[in-house]
């Protein structure tokens, strides 16, 4: 495709305004750090919770190829109507990358059908993310593992449907494991869940993490294809009269 | 297990009251025909839409190991609170068998996260259901295919997540195919979607169809196991002080 | 990637020499018809059974990004050493597209671990290939189904491992269905099995079939990534002395 | 089923004869410790490498419902003919449980189609096996995780096809993770790979490990069903004359 891929990075954008430590880690917001890290032929724009319609108008979503979602403390404030709008766009082909605490967003839970619950701990502990699907385009150029010196822990059981492809598994210093990189298809849309990073760590500046997110954006690009027809359907072959 | 498996068959139970042709096919209701067909060490009870709480009280669901769902014309009348209750029980381990037009029930759509839409046609045409996973317990004792002389057609694309296991695929006289037998796990619960039968045909008296549903009921039985713990989790190993 | 994708089309190339009907359908060989149909930034070359080492020297395979395989009547003549060489390259990342009767090739059976057996019939009957994974890049630009007026029939049960992704399912006039488009990953390599076309039909000139094969070639392109390290591995963290 | 499940435990049975430490851990052989741990309505017998035909005659395999495989240092001595015999029985429905170093057995590699390679280390380190599919019958009655105070380490990348179901993931003290409990179906047979235990540790006396193996044996029991017919197949529907 000669056309640029249109990526919208959505961020709750509350921690950065209310918490000095987070502001120090992400002075321009988590979304900016994520967006700057996406390489390749892309056009990145941003949307945040406190904009009208959370910045996700019908028009904006129609013009989004891949949506990235970061949210944490205000999942409940996302309007159900916008959640349905995002779900509907994913089913029609828009890619979706859900990051870290976005596991508990209404958007992700609606698309998964499960509680999406997990174990967690904030203890500045080491995370090592191992690649288990080495041929997958999402880990192109990534080493055998990614070390993060300090992160929040997420542990199993992670209550998601079995992923279509399990790409990465995390090891945590405190003794837990976690399915950290998971793909799902829903309708014509491709979804990637990626576990890091907590708002107090500068994880989205890490070059390997940026590489994974960039790869995922290109992997999740929509296919150009007519949407399937549903409903009453005339026979394509002659049906014999019965009785 | 020496204990009987407790199966609840849920039926919308409207067609049978309003339509003579359906009443002729299922004089005691579709649920009765389904329930009578379940073999093995089971205890079958019934619940229908027009009972209080649709017959699905908290207590009833707590005492149900496997729930079978048949609905069609009144999906919209099922209360959202009951849908959430069923979803929650599935995540905690209750098995769920969704039949035919139940593909469009709120319960199934909520657990799948997709539109669950498909092509359909009422033309008294032949359906042949081919087994594609011959070693699966759900098709134990079933032949290479099941022929149904007249059924409603359902055709692809069927908008569901990729099933964990695809067990059966239907061929239709009019030229379509359909993924007719699909398993999904959600939380601790096992789900089986099975395509036949339309309310105007005596499909649930067919011995092979009954065999599949019986097998599925036993396959979907809950595992006896403590529910996973979620939320804040203490470290199991020592975490080194940082910085 | 700015570099051209290096595609090698392998053909048994016996039918065309021995059977007039096949020669009429494919005057320059099936491989030429397949190769000409591949669009995009590719460099296509050819290899056939009767060349030394079946045209698949170590050097040739090292310089192949995606290998396409068509064989039928002489599977037994393919040397085991070459089969191992192809398997080894797939595990290290080379893409592999297996077409039609290649289901019974040593290469495919070795990579699947199953018999790869199926039902078949030569009866000039209609095949209709339905898309069941509408968002997958392999069906980009392809309609809801592809009609082939006359083809050999392949029917279930198809004895393969459950595919990673089921992309297409065929309907046959004589009453069978078949999982026609299946993806598998093995090591770092991506594999796509695609059912059509029999040697007596000009299936590989069909524009939709060519589109699927072209898409598959690009989908199966290797990821640029170091091969994982196996064997004895030093600890990354301190292990406490025991006992 | 009222009939007992016939389980054959196969062991290489060499370490126990040659190494005092292993003999101390498993005085009657690893196979005996495994066999004694299987609960439920089963009939356990044993076979070892140095018996004629490795104890796996045609008759013996015909009378085996589930085969358990433990091998390590003598994989190369297993005759190819016996490997094919075991593969063939699995495709026809016999269950197969592959333990620990059996990952590198000819039987497992043949059924997987990949190298089945991995990282390893002998360092008396702690392994913690986390359940990630909490509703699966293989982990019925098992806690959230199983702790083994000392084991050999196996680390990713584990070169297997994507499992049908990933049941357990191991955490290792030295910093690695591993997909420890994996199911695969091949033909009509069900396969379970389970990572522990190394020959120098008394892992197969651990009650939780025994529970997993017992559950797996019952899960892998063959379905009673006619084997599919392959080959030339007459049409089930009328095929229109062409041209």
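Descriptive notes on the structure:
Lettered A, B, C and D in written order, each chain numbered from 1.
In this text, a contact is a pair of C-beta atoms (placed from the backbone, for glycine too) under 8 Å apart; a residue touches a chain by one contact, two chains touch by 3 or more.
Everything numeric in this text was worked out from a predicted model, so none of it was measured.
Relative to the C-alpha centre of chain C, the farthest chain centre belongs to B. The chain pair with the larger count of C-beta pairs in contact, out of A-C and A-B, is A-B. Mean C-alpha positions place chain A and chain B at a centre distance of 30 Å. Separating the CA-averaged centres of chain A and chain D is a span of 36 Å.
Chain contacts: chain A has residues 128, 131, 133-134, 144, 155-157, 162, 164-165, 173, 175-176, 185, 187, 228-229, 236-237 touching two or more partner chains.
Taken together, the touching pairs cover every possible pairing of the chains. Note for the complex: chain C touches chain D at residues 87, 91, 110-115, 117-121, 123-126, 149-150, 153, 155-157, 159, 161-162, 164, 173-176, 184-187, 228-237, 239-240, 242-243.
Residues 93, 128, 131, 133-137, 139-144, 164-165, 173, 185, 187-190, 222-229, 236-237 of chain B touch chain D in their complex. On chain B, the positions that touch chain C within their shared complex are 128, 130-134, 144, 155-158, 162, 165-166, 169-172, 175-177, 179.
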